[in-house]
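Worksheet: the structure to be examined is printed underneath.
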Amino acid sequence: MSGLFDDAARRLRSNPGALCAMFIILSMVALTLIGPWFNPNGGEALDWSHVASQPALQSAHWFGTDRLGRDLFARTLQGTRVSLAVGLVASAVSLLVGIGYGGVAGYVGGRTDHVMMRIIEILSGLPLIFFVIFLTVIFGRNEYLLFLSIGAVGWLTMARIVRGQTLSIRQREFIEAAVASGAGTARIIAKHVIPNVIGPVIVYATLTVPQIIMFESFLSFLGLGIQEPRASLGTLIAEGAGEMEAAPWILLVPGGFLAVLLLCLNIFGDGLRDALDVKER
Amino acid sequence: MTPLLSIEEVSVSFSQHKRSIAAVRQVSLAVAARECVGIVGESGSGKTQVFMAVMGLLAANARADGSVRFEGHDILATAPEHLNRVRGSKLTMIFQDPMTSLTPHLKIGTQLAEVLVCHAGKSWSEARIAARRMLERVRVPEPIRRLNQYPHELSGGLRQRVMIGMSLLCDPMLVIADEPTTALDVTVQAQIIELLRAMREEVGTALVLISHDLAVVAGLADRILVMYAGRIVESATAVELFRHAQHPYTAELLKCIPSLSSPRLERLPTLAGQPPQPGDSLPGCMFAPRCSRAAERCRVERPLLAPTVGIARHVACHYPLPP
Amino acid sequence: MLRYFLTRLAGAVPTLFVIVTIAFFLIRAAPGGPFDQEQTLPPEIMANLQSAYGLDLPIWNQYGRYLGALVHGDFGPSFKYKDFSVTELIGQGFPVTLELGSIAMALALILGIPIGTFAALNHNRVADYATMSLAVVGIAIPSFVVLPFLGLAFGIYLRWLPVAGWEPGSIRHLVLPVVALALPPLSVIARLTRANMLEVLRSHFIRTAFAKGLPLHTVILRHALRPTLLPVASYLAPAVASIMTGSLVVESIAGLPGIGRYMVQGALNRDYTLVLGMVIIYSTLLILMGLVVDLLYAWLDPRVRLVR
């Protein structure tokens, strides 16, 4: 087990792209956490003397301001923080649901597995956005429900991966030995199955985070996600897209942040997949 | 007279994790026109890789050195476009596993006809007629129906017949058959060997027959080369080799052939010890660790392929078996 | 073949029925109604409106009436766009959405497959790394970021193409939205093609094809491409779903008069019939896509039998 991770760490270290991406992600996280202390402007403060002003280092607003005179840097950092938080929380939800569902399907097998996988097949054939639109409409635009509903639709791939891994591991000798020695199902899943599916799960969790951030931004862009005056990168981009001709920086700053963040998360996830040697399915 | 195919000092190595693993080490051999040469050795002895190099079919991480001349032209160094002038027409190959060696989504007729379209410049309809005739020649029943079938609709034996027919379409000078019977049922094996013999008499092509099984090679080959750990260890005519093996390894191989005259309940002898892994290297004879005759000299000094009796007879052993 | 096609089509009807039923009751479960925003309405007028649209009837009754009309191809009146029926609204917008989506899908396939093949043939060389790095960019960055960026670059700074707007028959207005929409599926298809091509190129029948002395392009096109495309075919349905999703925002950014906006607006306005109409259109498209994938599978791999 530790040997696997030592190997993976060594391979990851020899992948400059993934390292670089990891460094950028960490810097962005740090920036969203400590940035506000270096910036005199709050995210929601209105500066009526600088409405939609251009980015300039010597002015009070490094990245410019939006239509209402709010500091774009502060807004973008706040938006990034929200997007990252949604990404992590919703990924955690999808991770838990996916591991539970996939683990049970793969471990129990037979008819149960067949039915459970059929459900996943049907669900993944549908455009999930419609579900989330329905959910948001029914339950109102509540941020916590947003986390849940995004996480609830992100677990399908995870469940499939976990099930595949569990199925192949179930047939190996050490599980048979555990069964023979009288260990219960729950104990076998916890002690033997989960430690062995951890590699692919880590990889897919890493790759789920950018997908969920993208999805949340998409919903916020449509006005279904985070609501004013709070902002996520999606709402900021929607705002910027409307002002594109007159004040392109309102689009470019959050758009650039989102693009770089998603790109780095994807590159890091791909690097991790190569390092842990997980086959793409 | 120059031989049809001459392989000189050919080595093949694979790079893996920045390491180079030698699979074939300085092998030299020649095949004359109309001759049948058997290549025998355990799996991993490099017997297939030599001819993959000849055909330009080595894996991407492999490199081949040395020289391969076919009809006097060096084909190891040429670009694929030039190699394609002889490959598939004058120089053809039959593979071990007929189950996976045919393209699953193309009809048998297409796969046969395309060879003639490509090499003989025939139209598709002419090529299909020739393909049908070839299926008749390799004794495939109902050839017209077969042309329109997909590989998965044919049995293994039939598919191997198709492969053999495919290799003969352009009247080749040399056919390389790599374990052509290994993946088949025993009864089918005999039929395929019989077919190869008949084809050789009919067409007059030279044949290289690669097998791990001396018994398969025995009935067909004029000359047999025994390979071990990437090198040729013994070379002799088939008759001489069976009458008197000089290399201890060949002798062991001969003992492994079940004989009808031997007592029935006796256990088949197997070769003791593990064959060397590709890339393993010893200063002396590679067979020494498994050889009952090995002496100190065998462990420090590599035996070279030395002529013994007659011209065609060579053995790489310090202490060849006496007659 | 035809029989198979018809059987499958008939099989799609119950699926659609289930989807419509679930969607019908889900949207009705949402709080509020279609006329909530018009709060100033006196109660009598409100009641009149409700009964005019049959909203005062028991829900099962409404459901039955809706299904009855649906069987005759009538999606009902829109609650929000009062002078239009849902059929008219969708009939006007759908051709635009369909044009946008199908060009994007075609572009993704026509470019993605050759790019993936090219990368596979240059495995572990600069061309491979370069195309696959670009593919990561294409997958990572969503179309609602790509499109404004493209608009900024090609519309506002370079002034080559219109940023937004729509003229019937105008290709120029479609270029940027199509590119933004096609980029993610294009990148996925390129990656899939590359990975599968690498695997297929290692298989025995490709070795046979090379041993036959066939030129490289024949080996690739005739022998390697079809098995390579099997996983690409099964990606088609998710690709269509992703393009549908993308078109929701792309149409609104580019100001295209498609049906994308009706989904979100309809749901927010509780325009019940419009939402249901959209769900039916999208589900039908996806079901048809699934059928196309099955037929493609049978063509790509003769061992697959079309039996149901």
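Going by the order they are written in, the chains are A, B and C; count residues from 1 in each one.
The working rule: a residue touches a chain if its C-beta (ideal position, glycine included) is under 8 Å from a C-beta of that chain, and two chains touch if they have at least 3 such contacts.
Bear in mind the structure is a predicted one, so any value in this text is a computation, not a measurement.
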Next on the checklist: Once the contact rule is applied, which chains count as partners of both chain A and chain C?
Outcome noted: none
Item to check | Centroid comparison with chain A (C-alpha atoms), farthest chain | outcome: B
Item to check | Pair of chains ranked first by number of touching C-beta pairs | outcome: A-C
Checklist outcome for this item: The distance between the C-alpha centres of chain A and chain C, rounded to whole Å, is 23
Checklist entry - Per the centroid of Cα atoms for each chain, what is the distance between chain A and chain B, given in Å? => result 55
Checklist entry - In angstrom, rounded to a whole number, how far apart do the mean CA points of chain B and chain C lie? => result 53
Item to check | chain A residues within the chain C interface of the complex | outcome: 17, 124-130, 133-134, 137-138, 140, 210, 214, 217-218, 221-224, 234, 237-238, 240-241, 244-245, 248, 251-252, 255, 258-259, 262-263, 265-267, 270, 280
Next on the checklist: List the residues on chain C that touch chain B in their complex, please.
Outcome noted: 123, 202-205, 207-216, 218, 222-223, 226-227, 300-303
Checklist outcome for this item: Per the touch rule above, chain C residues touching chain A in the complex are 23, 26-27, 29-31, 133, 136-137, 139-142, 144-145, 148-149, 151-152, 156, 163, 195, 237-238, 241, 244-245, 248-249, 253, 263-264, 267-268, 270, 279, 282-283, 286, 290
Next on the checklist: Under the definition above, what is the set of chain B residues touching chain C in their complex?
Outcome noted: 55-57, 59-60, 80-81, 83-89, 92-93, 95, 97, 100-106, 114-115, 118-119, 150, 152, 163, 166
